[in-house]
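Below, chain A partners chain B and then partners chain C, in two separate complexes.
Our next item is the complex of A and B:
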């Protein structure tokens, strides 16, 4: 995906919400969807199973309007967290400009968090992307629940790359926009570095 | 003189959050140990955040613990009126064990009564009685106030109640729903709480509207209906506070948008090499030269080659100048399809110059200047013959 298209004066950022099943990825997008004015958001598309879990992915397009003369769009995706949907996860990861890893803070979910983060690294590597080369933000979700692990422990277990991290309670909206903001800024900072060294251009689209 | 105390306003049904915990604890202490700490207790906040609730809760808790305790709760306006009209009022107030004065913000409008009020309070403080005051602003902002009163108001604990945060709003709604034994889906409660209605009375009003809609439609309201429901019921400009609350909620996105806009601007900010190329374009365009080569590079180039590209362009411009001079000297008219201002046609111009040179060479080398003054007459014939001879 070309992030900046000088020919059409467009910027498109694809941010993928990754994480284990039921960690709150869809809830993040639902909260963002609920806060965005009508004229700025597209229809949120969710493909869910009968049990209401994400089967394929959620997709939320955000129109941020014209910034510096560029029509700016964010495309937010979630991946299905369940282990057996890895093919879908790989597909959704394709062309991602940034990743939000949504971890479930509950003590009982630590193993799933670690497994999912490992899976993220593997899937990126398969596309020849080192996780250090793509902006990643950690979100420790469900902080409002009892039996959650301390932030320090979660950082130790999951955030050994020391990427920006946020405590969140996506259901209540806490930390949701902080996370998205950090991910967006990470993506745009990387874009700035790219533009500084070479023109990241899609002349024809 | 009669004060009304609502028995329904207690400490247990006051929703405590980080924004009001200090006021709640101080009020509770004042009720349970009157006169021993925080005297006077001065609570201030915007309207509808629970000042009156806390004052009345002091009265209820104190009477619960000590049924014989004399508690007077009164808005300032009524207290001033009683002091003015009832000769016994002053002594009655002075006999109170706990005096609770609400809506203190109007004290500045009663300069005449401030002296009497000061004496009442002074007597109570001297006797170790508890005074608690509620106001919509801190003491220093009370306007025309007797210095002694100001000193009195500020001499205990001045504490504010902040606007309810999301968790507190949610708890207020849940408590209210439980109190009236209503049912509402949890995600609907979340949605109302997210509206950022920061006045508790108005928050309850919004809840009532949703509950009424649920009852009248005979089905459960869903979360995504809340926004529309409140908008439909309220109508344009009917309840400006709700519009404000909605805009505050939307503000979260607007803040995000502002930050992202800055980040985009920063990302697209002109790197130095682009500035250099752009500057070169402006400079040479002003001289009338075609800069399409540089313009194309500005769009699709990279930092690594920028300096080299600009230098190459300027070398070509310099070459154009030389060619122009020489063509002028040769007094040659340029064909219409060629331009001396287009460095991208440099090779065509070179070819043209070569041709012009050849055409002019045969004669020009024998002349001193453009007036065809002959260099050296005696040798002219020989040279002419020699030159012709070279051609055969």
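Our next item is the complex of A and C:
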């Protein structure tokens, strides 16, 4: 849940990168970390196994700048993609303000993408969050590889809610910032609506 | 019942935290919520060190809680990790703002006994605070939303050096 601190005029939001194993979630964060100036980011924390698979999460704090006088910060997390790490995925999802779903565009990975997206819906529902109520952005990653499915097919299989979607090659950085920008915008627009509701309550009360 | 504004909430957290740091003789302390967001801190010099510690501690707390539940417990007691020179204490408690956690780092100038003692006193002070009023109108939602797009354009241009 976004934290708005009126005293220090700071907004902190949490975005979780979700998706099947090896779809490129950590690569997204690594690319962001490599490109953002040092004074706008913190250390990237990676809790990974020896084989570089995410064990618990990766974490990257990022400062965007000021909106309406509020310093806006994002905390980017990834979840471990492998099926058997579901317990840790649920923990990382706690308090998420927005989700980037990183799908692997390779033809052979479609089933894993679908299963992971279903798993996202289930894990959100377990926390009584309807996936329609949280900003989600789709990223179709690994577009630079051969044997990828067409964008239309991926949209049809995964994006039946018609959320913002982007083609990406995270290793090369393509589509990484477009995805993050769309996710940030979704989260902050939702926050603005929430501010409006709470302001109405305050004004009415 | 009295309700605190958010500005008052922040002040309300900072004073007990600073008293805890002084009385227990610890080097650093940070108060976070379950999501790992920082509510008050003392002793951390660099913001990003602080948020890294907060996110890792929130992860430890969440996984410890999940493990406890699998074993039929609601939640384990506080966590204490001792290194050669420095020790870490993670204590959780319920408050009007939901479950909060105090993370503190100490060395030979303090002890786990002292930390536990003053942690209990700290928790009591926080739990005596009145409910918190989060609906405080100090930002215009319309201004915020109208600034959003241009701000994001600017941010991302800066970020990627475009």
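Keep this in mind: the second predicted complex is superposed on the first by the 191 of 205 C-alpha atoms of A that agree within 3 Å, B and C clash if a C-alpha of one lies under 4 Å from a C-alpha of the other, contacts with A are read in each partner's own complex, and residues count from 1 in each chain.
Keep this in mind: a residue touches a chain if its C-beta (ideal position, glycine included) is under 8 Å from a C-beta of that chain, and two chains touch if they have at least 3 such contacts.
Keep in mind it's a predicted model, so treat the numbers as computed, not measured.
J.: For the three-chain model obtained by superposing on chain A, do chain B and chain C clash or fit?
T.: Overlaying the two structures gives a clash between chain B and chain C.
J.: Can you tell me whether chain B or chain C touches more residues on chain A?
T.: Here the partner covering more residues of chain A is C.
J.: Pick one for A:70: touches chain B only (first), chain C only (second), both, or neither.
T.: both
J.: Go through the superposed model and pick first if A:128 touches only chain B, second if only chain C, both, or neither.
T.: neither
J.: Touch check for A:184: first (chain B), second (chain C), both, or neither?
T.: In the superposed model, A:184 contacts both chain B and chain C.
J.: With the two complexes superposed on chain A, say which partner A:34 touches: chain B (first), chain C (second), both, or neither.
T.: After superposition on chain A, A:34 lies in contact with chain B alone.
J.: May I ask you to decide whether A:195 touches chain B, chain C, both, or neither, giving the answer as first, second, both or neither?
T.: After superposing on A, A:195 lies in contact with both chain B and chain C.
J.: When the two structures are overlaid on chain A, which partner does A:172 contact: first (chain B), second (chain C), both, or neither?
T.: first
J.: Identify the residues of chain A that lie in both the chain B contact region and the chain C contact region.
T.: Dual-contact residues (chain A): 4, 6, 35-37, 40, 64-65, 67-68, 70, 72, 177, 180-181, 184-185, 188-189, 191-192, 195-196, 198-199, 201, 203.
J.: Using the touch definition from the top, list the residues of chain A that touch chain B in their complex.
T.: My answer: residues 4, 6, 11, 32, 34-37, 40, 64-65, 67-68, 70, 72, 74, 171-174, 177, 180-181, 184-185, 188-189, 191-192, 195-199, 201, 203.
J.: Any idea which chain A residues touch chain C in the complex?
T.: Touching chain C from chain A are residues 1, 3-8, 12, 14, 35-37, 40-43, 45, 47, 56-57, 59, 61, 64-70, 72-73, 75, 77, 87-88, 90-92, 94-95, 177, 180-181, 184-185, 188-189, 191-193, 195-196, 198-199, 201-203, 205.
J.: Going by the contact rule at the top, pick out the chain B residues touching chain A in the complex.
T.: Going through chain B, the ones touching chain A are 166-167, 170, 190-191, 193-194, 223-224, 249-250, 252-253, 255-257, 259-261, 263-269, 271, 299-304.
J.: Could you list, by residue number, the parts of chain C that touch chain A in their complex?
T.: 5-7, 9-11, 33-38, 47-49, 51-52, 55-56, 59, 62-63, 66, 134-145, 147-149, 151-152, 154-156, 158-161
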